[in-house]
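Note that chain A is present in both complexes that follow, paired respectively with chain B and with chain C.
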Partner chain A sequence: MDWTRILSNVAGELIAPTTAAYALAAIGLNVHFGLTGLLNFGQAGFMLLGAYGFAISTIAGWPLWAAVLVAIGCSVVFALVLGIPTLKLRGDYLAIVTIAAAEIVRIVGRSTALTNLTGASSGLRGDSYKETFQELSPFDDGTSTIGPFTYANNASNSWWVRIVGWALVLLACLLIWRLLNSPWGRVLKGIREDEDAVRSLGKNVYGYKMQALVLGGVIGSLAGVVYVMPRAVQPDSMGRPMTFWVWTILLLGGAATVFGPVLGSMLFWAALMLIKTVGRELIPSTVMRAEQIEQFGWIVVGVTLMLLVIFRPQGILGDKKELAINVR
Partner chain B sequence: MSAETTSTLAGVSQEPGAAKPDPILVADDVTRRFGGMTAVDVGHLEVQRGAITALIGPNGAGKTTLFNLLTGFDQPNSGRWTFEGRQLAGVPAAKVSRAGMVRTFQLTKALSRMTVMENMRLGASDQPGERLLQALVPPLWKPREREITAKAEELLERFKLLEKKDDFAGSLSGGQRKLLEMARALMSDPTMVMLDEPMAGVNPALTQSLLGHIQGLRDGGTTVLFVEHDMHMVRHISDWVAVMAEGRLVAEGPPGGVMANPAVVDAYLGAHHDTDLGDDSLLSDEVAEQLEAEAEAEAEARSHGQAEGPQTDEGDR
Partner chain C sequence: MLALLAVLVPTSATAASGLPLAAATEACAPTPESACIGGTIRTAAGEPAVGVALQVAGVDETVDATTGPDGRWSAAVTSAGTYTVTLDAATLPAGETLRDPAQNPRTVEVTLGQSAGALFPLGAPSTGGGDTDDPPSGGESTTPAPEASGEPGLDSPSPGARGGGINWDRVAQQTVAGLVFGTLLALASVGLSLIFGTTGLSNFAHGEQVTLGGILAYLFTQVVGLPLLLSGAIAVVLAAASGWLQDAVIWHPLRKRRVGMTQQLIVTIGLAITLQYVYQFFLGGSSLRIVRSNPQAVNIGPVYITQQSLISVGIAVVVLGAVSYFLLATRIGRATRAVSDNPALAAASGITVDRIIRLVWTVGAGLAGLGGVTMGLYLNATAWNMGSTLLLLMFAAVTLGGLGTAFGALAGSIVIGLVVELSNLVIPSDMRYAGALVILILVLLLRPQGILGRAERIG
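And now, the complex of A and B:
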């Protein structure tokens, strides 16, 4: 068994653009769930809208900054549309509405009526919207090797995407750290514990929940942009499973912590890669075929999530004391 | 009972809806129906400024519903009320609170997974850092945060919770949570506090200190309206008592006199005619001292238990 190759594959996942995108999406979800207690089951919808907004406006010839603003704008509108009717109701309603709304975004995006705009179910090809982003790279074309990792400087799956993706993750962490330790974050935590108590203290709970929903959604849309940089915009690859992986990552790392989502994303993708590559080496094809091993990896993910929620609900970085308190 | 407020209320007629010399809260024709059931139907109610008014009545009399309506946590089917001359009907709860009328809850709403200190800080008003963009720039809110913290420490000291300030609120006893909730409500210097059953589930020693705090509030100029079942408490500390039954205001008067009112005896006491509701002897100094001693011993035993608790906890972390 070629352990160096397996290990370098696994290590590559730690810094992959996809890992950064999921970390970013989980940070956004952390604003919703970890800080405010909002049950958003439509994070993939925010990501897909961000990806569409960015790709479509770039294809229309808009510059990079404008395309990013469009991506952000889409998620703000989406958050408002979701929040206005539901944030005054009990938390479960938001969960139902968000999961449905994310599906609506995906199904509308893949409908043939919008073929000219979204490319329907085949989506938007990567090279149709990546140019402005790659032009911004300060590196010359070619490939660079750092340690065991060799990637192109500027192409799809490149160092440039990794650098920008992880810089965004870092910025988002900084933002969350600042907000978590501010009076604003304190109000959100109060809302997570008991809305009525916070209301009785003179805070506009609805307004705070809306701010949290929008902020988390904006971070989610940026995650969507990072996610589609090394690939194409494929509506069907950004459906419900994506939302649940983001949830798994958040719970794995620890909700309401600053670095939980980042650690969660790294562990999630590295572990998945490890299971798959080791499985391919060890399990003979008479027992499981390659594509079955792929499925098997996801089964392990599901079981892990169950075990996690049962035995370590606070995640890896969460404060056990905080969760151990009986909420009455 | 302070002599001053008693004398200002001395001339007030003892009938439901009586006019007060200086009302802070005036409510008219407030009704709330749940399906076919009329939970609240109050024709006229005035609450005297700077006094402790008790709202009593049997279970299901609509006391808490009236509380929820007045504080904006529920919407009435009809009615209007003013607080310090300002119309408050239909105003959302957060704005009612900012107007200076802060409430507590029957089932205590301590924010369990936040520390006692964070609970207190949340009660403060005018913290610029509670705005999203300002929160990003600490110099804009740190000075106010220091003021808030100082004030919170002062209040916690007064309510004997200071040594608990870094504990999670969820680890406090029921009575301590009541104290915390009341202290938190005071962070914004309200002109009126609305206490929904402040004594429920509180042990006798804490009851004594809670009573003291409520009287202290009144003496500091804050108006207090509270819902209570325990008649000893009502007699002991309130300046005025309003009695509700089946959603209506059936009697009003000073605590001594209102118990003798036939309407109260009829509506409120019902079958328990012979129960001694206002036995002041229970609150004589002797008994109070004994209760306090007992509770102190209990509190000490608890603090020992708690000191050991977390250590064993530490072991498996």
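And now, the complex of A and C:
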């Protein structure tokens, strides 16, 4: 068995753009759930909107900064539309509404009626919107090797995407770290623990929840942009499962912590890659076919999520005393 | 991809069950001795391309086909193998060209007893040359990645749907389809609502109970070879048993540990993921037909309905009636409603709450299983993700009716069924589930307690 190849594959997942994108999405969800206690089950909707906003405006010929602003704008509008009716309702209603809204985005995006805009279910091709981003790269074309990793400098799955993706993750971590210790963050945590108590202090709970929803959504939309950089915008790959993986990542690493989402994302994707590569080496294809090994990986994820929530809801880094998961 | 054409390959299901297909071209229905090749050709603007001539050539036979008024064409062949489908570009409507002329003629693999699709997208030739090829069009059946595979009910036009504008025949057709869909949805939603009512749990794994029913029915008819009614009955019994087991193994211990509702909600999501991939692990990602033969159609006035749907609805109505009787007129039914109303008070008046909850899980899962069997027949196929596609419609129905009220779920399901099918008249059919979800959000905005719910439930 080729352990060096397996280990370098697994280590490659630790710094992959997808891992960065999911870490970013989980940081956004951390603002919703970890800080404020909002049950947002539509994070994939924010990501998909961000991806669409970025890709479509780039295809329309807009410069990079404008396209990013469009992506952010989409998620702000989406958060407002979602938040206005539901933030006054109980938590599980918000869960159902956000998951439904994310599905609406996906169903509309994949509809053949919008083929000209979104490319329907086959989506938007990667090379149609990557150019402005790749032009910004300071590197020359070619490939670079650092340690066991060899990637292109600027192309789809490149060092450039990795650098920008992880820089965004670091910035977001910094932001969360500052927020956790700011008066604003303390109000959010108060809302998470006891909404009525915060209300009785004269705080506008609804307004704070809305701000948190928008901020987390904006981070989510940036995650969507990072996510589609090495691939195409495909609505069906950004559906409910994606939201659930983001939740698993957040709960694995630890909600309401700064580095929980990052650690969770790295562990999640590295573990999946480990299962996949080791499974292919060890299990003969007569017992499990390649796609079955992959599905087996996802089954492990589902079971992990269940066990995690029951036995260690605070995750790896979390503090059980701080995070009462059962905000209403 | 800008000019990608909306070209639907009718899946075997829809090609066969279409509607008065005879009105279009001679309908082709695969039998064990024959197979169909077909597709739909639409212009760049999405209109059906009428009168396009195609030639299907195989080793033994050559068949000619022409697209009908709805843009569909089909050709029946009697031997399996590779066929070459050639489109006569001269017969395309004025101004239309093939998007990818290199794909004409194209080859299709044909298996007896099944339908194969051959796609000819029209529009401007794609210009982008880059690192990725065009995604494979449906003609060559590549095995799609699980995420990319279709969702039953979402990708196929609803059974009986026909194109064209609004007219009374279409309204009648869609209304009946909506009532049928709503009744079958009600089977699945009643359990969801009862479980929420008695335990307060929003069960995101309920869709997988529905899938379980469909998949078990598929296994017993197609793999074991039992008659449909018997295998349907076995599927329902096993689904109910799975509900009992689920409560015994997972939910009862969690309630005992006093694990909170939000945590339990996330556990249901974990369970849903697990079950979905378990189904995929054993049965693959493609759609599974519970019944291979083509459904017999019945015309009632302007309305077209398959016999399977009629029987399914009949069974559903009887079962829903029985559930209503059980809830309203039996002692245990009253106890169930009491627990649903106020568990603490019910316990204080001598009702064994845990036993009632176990019963609700069993009955709810059994109903969901029946819903899965009948829905699988109605949609002509089931698949690992059938339930999860329907789950949000169930939530919409249950919320609309008022979370936790069994009769609310019934009323809500009918409304959602009608909305889904009637919205076909005005919006593209692949968007029709979105309409129901918009309603869900509007209900929460305007009357969060639902039609039959009480205001106190919303917290």
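Note that in this section the second predicted complex is superposed on the first by the 321 of 328 C-alpha atoms of A that agree within 3 Å, B and C clash if a C-alpha of one lies under 4 Å from a C-alpha of the other, contacts with A are read in each partner's own complex, and residues count from 1 in each chain.
In this section, a contact is a pair of C-beta atoms (placed from the backbone, for glycine too) under 8 Å apart; a residue touches a chain by one contact, two chains touch by 3 or more.
Bear in mind that the values here come from a model prediction, so they are computed numbers and not experimental data.
Novice: With both structures lined up on chain A, is it a clash or a fit for chain B and chain C?
Specialist: On the superposed model, which is not a single observed complex, chain B and chain C fit side by side.
Novice: Go through the superposed model and pick first if A:127 touches only chain B, second if only chain C, both, or neither.
Specialist: The answer is second: A:127 touches chain C but not chain B.
Novice: Tell me the angle subtended at the Cα centre of chain A by the Cα centres of chain B and chain C, rounded to the nearest 10 °.
Specialist: So the C-alpha centres give an angle of 100 degrees.
Novice: Taking the superposition on A as described, I'd like to know which of chain B and chain C A:202 touches: first, second, both or neither.
Specialist: First partner only, chain B.
Novice: Under the stated touch criterion, which partner chain does A:259 make contact with: chain B (first), chain C (second), both, or neither?
Specialist: neither
Novice: Looking at A:247 after the superposition, I want to know if it touches chain B, chain C, both of them or none. Which is it: first, second, both, neither?
Specialist: Only chain C is touched by A:247; chain B is not.
Novice: Between chain B and chain C, which makes contact with more of the residues in chain A?
Specialist: Touching more of chain A: C.
Novice: Quick one: is A:139 in contact with chain B, with chain C, with both, or with neither? Answer first, second, both or neither.
Specialist: Neither partner.
Novice: With the two structures laid over each other on chain A, which partner does A:187 touch: chain B (first), chain C (second), both, or neither?
Specialist: A:187: touches chain B, not chain C.
Novice: Which partner does A:211 reach: the first (chain B), the second (chain C), both, or neither?
Specialist: The first partner, chain B, only.
Novice: Report for A:149: first if it touches chain B alone, second if chain C alone, otherwise both or neither.
Specialist: neither
Novice: Looking at A:177, would you say it contacts chain B, chain C, both, or neither? Reply first, second, both or neither.
Specialist: neither
Novice: How far apart, in whole Å, are the nearest Cα atoms of chain B and chain C in the superposition?
Specialist: 10
Novice: From the superposed pair, tell me which chain A residues show up as contacts to chain B and also as contacts to chain C.
Specialist: The overlap between the chain B and chain C interfaces on chain A comprises residues 325-328.
Novice: Could you please specify the touching residues of chain A with respect to chain C in the complex?
Specialist: 39, 41, 85-86, 89-93, 95-97, 99-101, 103-104, 107-108, 110-113, 115-116, 119-128, 155-156, 232, 234, 236-237, 239-241, 244, 247-248, 251, 291-292, 295-296, 298-299, 301-306, 308-310, 313, 325-328
Novice: Applying the document's contact rule, which stretches of chain B touch chain A when the two form their complex?
Specialist: 71, 73, 92-95, 97-98, 102-105, 109-114, 118, 121-123, 125, 127, 129-132, 134-136, 138, 141, 145, 168, 170-171, 181, 184-185, 187-188, 313, 317
Novice: Along chain A, where are the residues that touch chain B in the complex?
Specialist: 175, 178-179, 182-187, 189-190, 192-194, 196-205, 211, 215, 320-323, 325-328
Novice: Applying the document's contact rule, which stretches of chain C touch chain A when the two form their complex?
Specialist: 1-6, 8, 46, 128, 130-132, 135, 146-148, 154-155, 202, 254, 257, 259-263, 265-267, 269-278, 280-281, 285, 388, 392, 395-396, 399, 427-428, 430-431, 433-434, 437-438, 440-441, 444-445, 448, 458-459
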